[in-house]
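What follows is a set of structures for review.
The two complexes that follow have chain A in common; it is paired with chain B in the first and with chain C in the second.
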Partner chain A sequence: MYDIKALYEAENVPHAIQLLQEHPEAQIIAGGSDVLVQMREGKRAGKELVSIYMIDDLRGVSYEEDGAIRIGSLTSFSHITRDPIIQKHINVLGEAVDMVGGPQIRNIGTIGGNTCNGVTSADSASTLHAWDAIVELTGPNGIRRIPIKDFYIKAGKVDLQPAELQTAIIIPKAAYEGYQGHYIKYAMRNAMDIATTGCSVNVKLSADKKIFEDVRIAYGVAGPVPMRAPSAEAKAKGKAVSSATVKEFAQAVLDDIHPRDSWRAAKDFRQHIAVVLAERALKESIRLAGGEIDG
Partner chain B sequence: MANQQYKLVSCIINGKPVEKMIDVRASLTDMLRDDYRLTSVKKGCEVGECGACNVIINGECFNSCIYLAVWAEGKEILTLEGLAGPNGEISDIQQAFIDEAAVQCGFCSPGFIMSAVEILEAKREFSDDEIRKLMSGHLCRCTGYENIFRAVKKTMLRRLGKNKEADAV
Partner chain C sequence: MLVGKKVPRVDAYDKVIGRTKYTDDLCDKSAYIARILHAEIAHGKVTAIHTAEAEKIPGVVKIFTCFDVEEKHYFPTAGHPWSLDPSHQDVADRLILTEHVRFYGDDIAAVVAENEVAAAQALRAIQVEYEEYPFVMDVQEAMKDDAPQLHEEYPHNILKHTTIRKGNYEEAIQEPGLIKVEGWYDTPTVQHCHIENFICTAEMEGDRIKVVSSTQIPHIVRRVIGQALGMDWGKIRVIKPYIGGGFGNKQDVLYEPLCAWLCWKLGGHLVKLDVPREETFVSNRVRHAIRSHIISWVRPDGTFAARKLEAFSDQGAYASHGHSICAKGVGAFPQLYPCDNVEADAYTIFTNKPVGGAMRGYGIPQAMWAVECHTEEIAAKLKMDPIQFRLKNLMPVGYVDPFSKNEMYYDTFRQCMEKGMAAIDYERKYKEYQNQTGDIRRGIGMAVFWYNTAVWPISLESSSCRMVLNQDGSLQVQLGETEIGQGADTAYAQMTADVLGVPLEAVHVVSCQDTDVTPFGTGAYASRQTYTAGFSIRQTALLLKERILKYAQELTRMAPYNLDIVDGKIIRKTDNRELMTLGELSAAALYSLEHSQHLSAESTYQIKSNAYSFGCTFAEVEVDIPMCKVKLLDIVNVHDAGTLINPALAEAQVHGGMSMGIGYGLSERLLFDPKTGRAFNNNLLDYKISTFMDHPRLKALFVENPEPTSAFGTKALGEPPTCSVAPAIRNAVYQASGVFINDAPVTPHNLFRKLKEEGLL
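What follows is the complex of A and B.
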């Protein structure tokens, strides 16, 4: 038995909003792999819950009219990994969420929950940052869409207004077309572990594969919230695809990230692996994009 | 508790349609064990880490300890008890666990076996790395994992008609 004060089950999105308005103290529960565990630990014990888990409209991946990819917030990690649209355009997201927890966790965990809990180590978050994802929030005043970087306010805190819930994550067509990316999770175990640092890189190369038309990089656990590394991106954008550019790019991430000492790893170590991961993830992205680098 | 909250939950458990009034605070583990006496579903960590409570819901594996019982509404649930034949015979994967000495205290076995069932139901040959990854959501503190891995691999190969390869594992 969980120490739940009351459970309200939403049948659809408007019903969920209504329940959240009626019970302003209630916590939203999606898949529950964070909320229920925290409840068990005592952190959220005795709380009211609004369950949105049964709202099937919030599941699945589809195209929007303008070609953007729409991921329903309740889509589980394993369904994202297996989805043909994801595999075709943004396979790295499927690979990244395939590193969350273990198989059973990936069947219950949702991409909406992974982002709404606001933790920096979420395996989906760095890739979503690196692909300019848009977060769709639905509340009493309608729908608003905000860039994912604005969604994260501080550790554990996201921009969810009262009675609002996240309904989708959108990757605009301009953000995915022509890009190839790679994610590396650095952790102590191969399963059931939280990233010491996670790094997601993607590139768009010129037609002759010689120039970086665009390079994007984002980290988890390099600061209190997932973050991009704009200084590093500026070092590579428009430059020749070469090992010198890759090195310069990787070193520049240190200007942007600010990891901390924690019981998982020391700050110095995180800085070191951030550089190594940037280099490796960029090299792999170049390879996936059909490019080659000297030496 | 002054205002206990119950809900009628209808689902199919091991092929049989059932319904009962369930306390909304119950996990699916609580419901399966306490209301349906399916005690193969073990209470281990109860925070979704050890996999001892693993069951198959609509064809996918879930840790029932972090799954609310009310979410079982309309779902098809399979527990280890559902693997038994018409006269209570054990299944091939259970026999393989015995043959390979993949069972010692037995606490993790039902969970492991249900993950193995999901692999076997896919009816295709997985690589060693894939099997290890698909079985990675479970902890075993007795046998180590090699015997369990062999039991799963052998059964997978046998079901695919590759008896010679299975014997060589």
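What follows is the complex of A and C.
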């Protein structure tokens, strides 16, 4: 039994916006795997809810005209993992969201909910950061698109304006074409867990596979929100694919990340793991991209 | 013969299709919902509780605070048999609700509402004022002179201190050439995490209170409710339906007295108290964290000259099962590896933490962690093979414990170890994994365990059984020994069918215990159900058989000693002729116009024996050194639990225990905020119980040496599977990494510190 003041069911996006305007205090609910847990804990108890779960237009993965990949915000984790477009171009995202909770959560949980929740540990978030994802928001004033790094304001807070909802996540063609990536979730269990640290890396190698044309890396739980590690990226970009570069890259993440000390894990431990993850995720990305490294 | 066969569980079908009724299923929808307000300080006095705002919430029926508990009937909670000797009674230190807060999570008020939402809203609206006292979270700190005191009657917070002295330790350590091995070993606070949280309901019928509870110990619950409410015990009726696990947490009287009291105060209205998971972690019971200090003086040939153990058990805030747990573990110490000169001290210490109670293994998983970690270190220091070192020193065949009279009848340890070694390919792997380098390394390790069945001669052991024959020759069997998921009912049906000579389908075990009608028994604990119930089942079935054959004499004119019951039929033994079916006999007996008789039997058997139950675990791991992670590759448990009544259920029991042991060894630990005493991770996300995905295939093997003292050759198997898993994993991690982890569990955090310390990172 949940302490819900009222539940309004939106039939489509304009209706959802209308309901959110009529009920400015209302909380959006999609799959409910975060919202209902919070209500049970008393944090959002007694709130009004606007459910967007029935809006099927927000489900599914497709190409936009310019070749960008559009992921409807209500697409469930299990659908993302099994989607052929995702598997072809950003298989790592499908792998990452396949590490969320357990099968039931992955069937009900949505990528929109995962990002709108604003937590640093979300399994989709570091990969979306690492792939330069764009967030599409629809509200009373129409549609706006912002880079995912700007969407995250601070822990638990995202850039959702009044009566606005997230309608899609977009991976531009330039961001995925020619890239291969790998995500490592570092957690205390192999299922039903949140990441102690999550690291997503992807690379674009030169035609001869000897040079890093581009390297991108993002972390979850290395700071209050998911983050890129630009110093590390700079250490590898344009450099030779070698174990020395990999090592230098991995060490450099420490210049960017700022994990905290908590009862969940100590700072020095998180830092140590972050470096190991960077190295291993990069090595695996190189392998996926057809490259080889010495030693 | 059905004993020894893998017959399906008698309750399997209903459980699989979801028809089985648990406490919540039995509760009428009209029930009021009770919720408990828990203290948010670790130690102090409640000075005021403001309920006015909460009382205004629609649906709130009434709020009771600690100040409403006028008659202070202090009661014990341990699920131990009552003792008529006051000096052996459990410590009575609990109240229905308390003003004196002794841990963060103590029970200070209760809300009763018409529904769950109103109850939750009311809890949030109540304001509490406290006078705070200093608190103590560590056993060593708690024993100091200036430590905060939890209970006035226990100076230095020592609930109890017991000692074992054998030979002369001080003199023995003077022997020249001895090698000293010393270590400190810590085990964590963990929780049972049974699937069904604790739940109970209460309503009055006439001037009696009927309580339905998810408990292992219905007859004990009745007694304690009577004590807590100051009410005649006969006025309390406790019903135990199917339960979703207990593992010892429900071998304690938890909130049945509170629920009964609320119902009573509300004029007998049905009240349901369903404890949320977060509260189950903190405000039910936990496994005692025990810190052990062991010193062994060993000769270069690998024999012991003298040994010393000090164990400090963290009792938490109230006595509950108290010293029994630490005492059991310390008691195992001089028996497992006998030595002529032993000093052992067991301390049980109050701290401002959740209450330690019974949990699967009852002190032995803690003791085996300490003892088997230490054993591995001795072997390493002596450069001896750890298997050979153990075999040289383990309890020998013919050993008799002077106190319990338990005897080592067989070469059990050797048999179990050989079976385990073969199953996991130990010798090859042990050689292969010596002296590895690189990031990813493998290791193999093992540990043995000591356990015993039942509680004789420490406390009462008795089992009562009733058998009632139906018109069709089938029968109901009732026992005070409870089915808590372990498969007891199925084992009882198999045993009854064999002794009486009827098919399994003819035996209807009444699973539900109702203290108004069920024969007296103290319930499920100490891995004793099959052992203890076996005696009364055999005795009662023989009694019933005697009555049946006597009646058969009237019907057949044959002498009873020439008759027998085979497969539900009365046969004449002299020529094996079938004279009639048991159904024909029973119908004739019930409907006879000359001599009608309801054939039934009831008896109590008092058990004055106990039995060792030994075995071991072998584990193979892969340690990823940079990642500070242990992956369990393979694990085997080998048990000598005597004759297995049902090998399939025995295997399932071992799997469950191994899973619990894996969590104990690798991931589970309840953490507390040192600043407030609050638990950090009292939920199933942050408390890392291992999942299916964290387990390799669990292998359970058996050595079946029939237990001579037992009614069916069987002995303990419920708890033993948990006892040696954690140290076996830790010893495998040692072989892989060369690092000794002495504080369980071997988490990545823990491994990170240790690997760094040893220069591996």
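Of note:
Methods note: the second predicted complex is superposed on the first by the 295 of 295 C-alpha atoms of A that agree within 3 Å, B and C clash if a C-alpha of one lies under 4 Å from a C-alpha of the other, contacts with A are read in each partner's own complex, and residues count from 1 in each chain.
Please note the rule applied: a contact is a pair of C-beta atoms (placed from the backbone, for glycine too) under 8 Å apart; a residue touches a chain by one contact, two chains touch by 3 or more.
Worth saying up front: this structure is predicted, and the values here are computed from it rather than measured.
Look at A:1: by the touch rule set out above, it reaches both chain B and chain C. Contacts of A:240 after superposition: neither chain B nor chain C is touched. Judged by the touch definition given at the top, the superposed model places A:146 against neither chain B nor chain C. By the document's definition of touching, neither partner reaches A:174: not chain B, not chain C. Of the two partner chains placed around the shared chain by superposition, chain B is the only one that A:9 touches, whereas chain C remains out of contact. Of the two partner chains placed by superposition, A:155 touches none, neither chain B nor chain C.
Touch criterion met: A:192 reaches chain B and chain C at once.
Taken together, the two complexes place residues 1-3, 190-192 of chain A in contact with chain B and also with chain C. If you check the complex, the residues on chain A that touch chain C are 1-3, 42, 45-46, 186, 188-194, 196, 263-266, 269, 272-273, 276. Contacts from chain B toward chain A in the complex involve residues 3, 5, 23-27, 30, 46-49, 51, 54, 60-63, 66-68, 70-71, 73, 115, 133-138.
Against chain B, in their complex, chain A makes its touches with residues 1-4, 6-7, 9, 29, 32-33, 36-37, 40-41, 51, 53-54, 78, 101-105, 107-108, 190-192. Looking at the complex, you find that chain C touches chain A at residues 115-117, 120-121, 124, 626-628, 667, 671, 673, 680-681, 684-686, 688, 690-694, 747-749, 752, 761.
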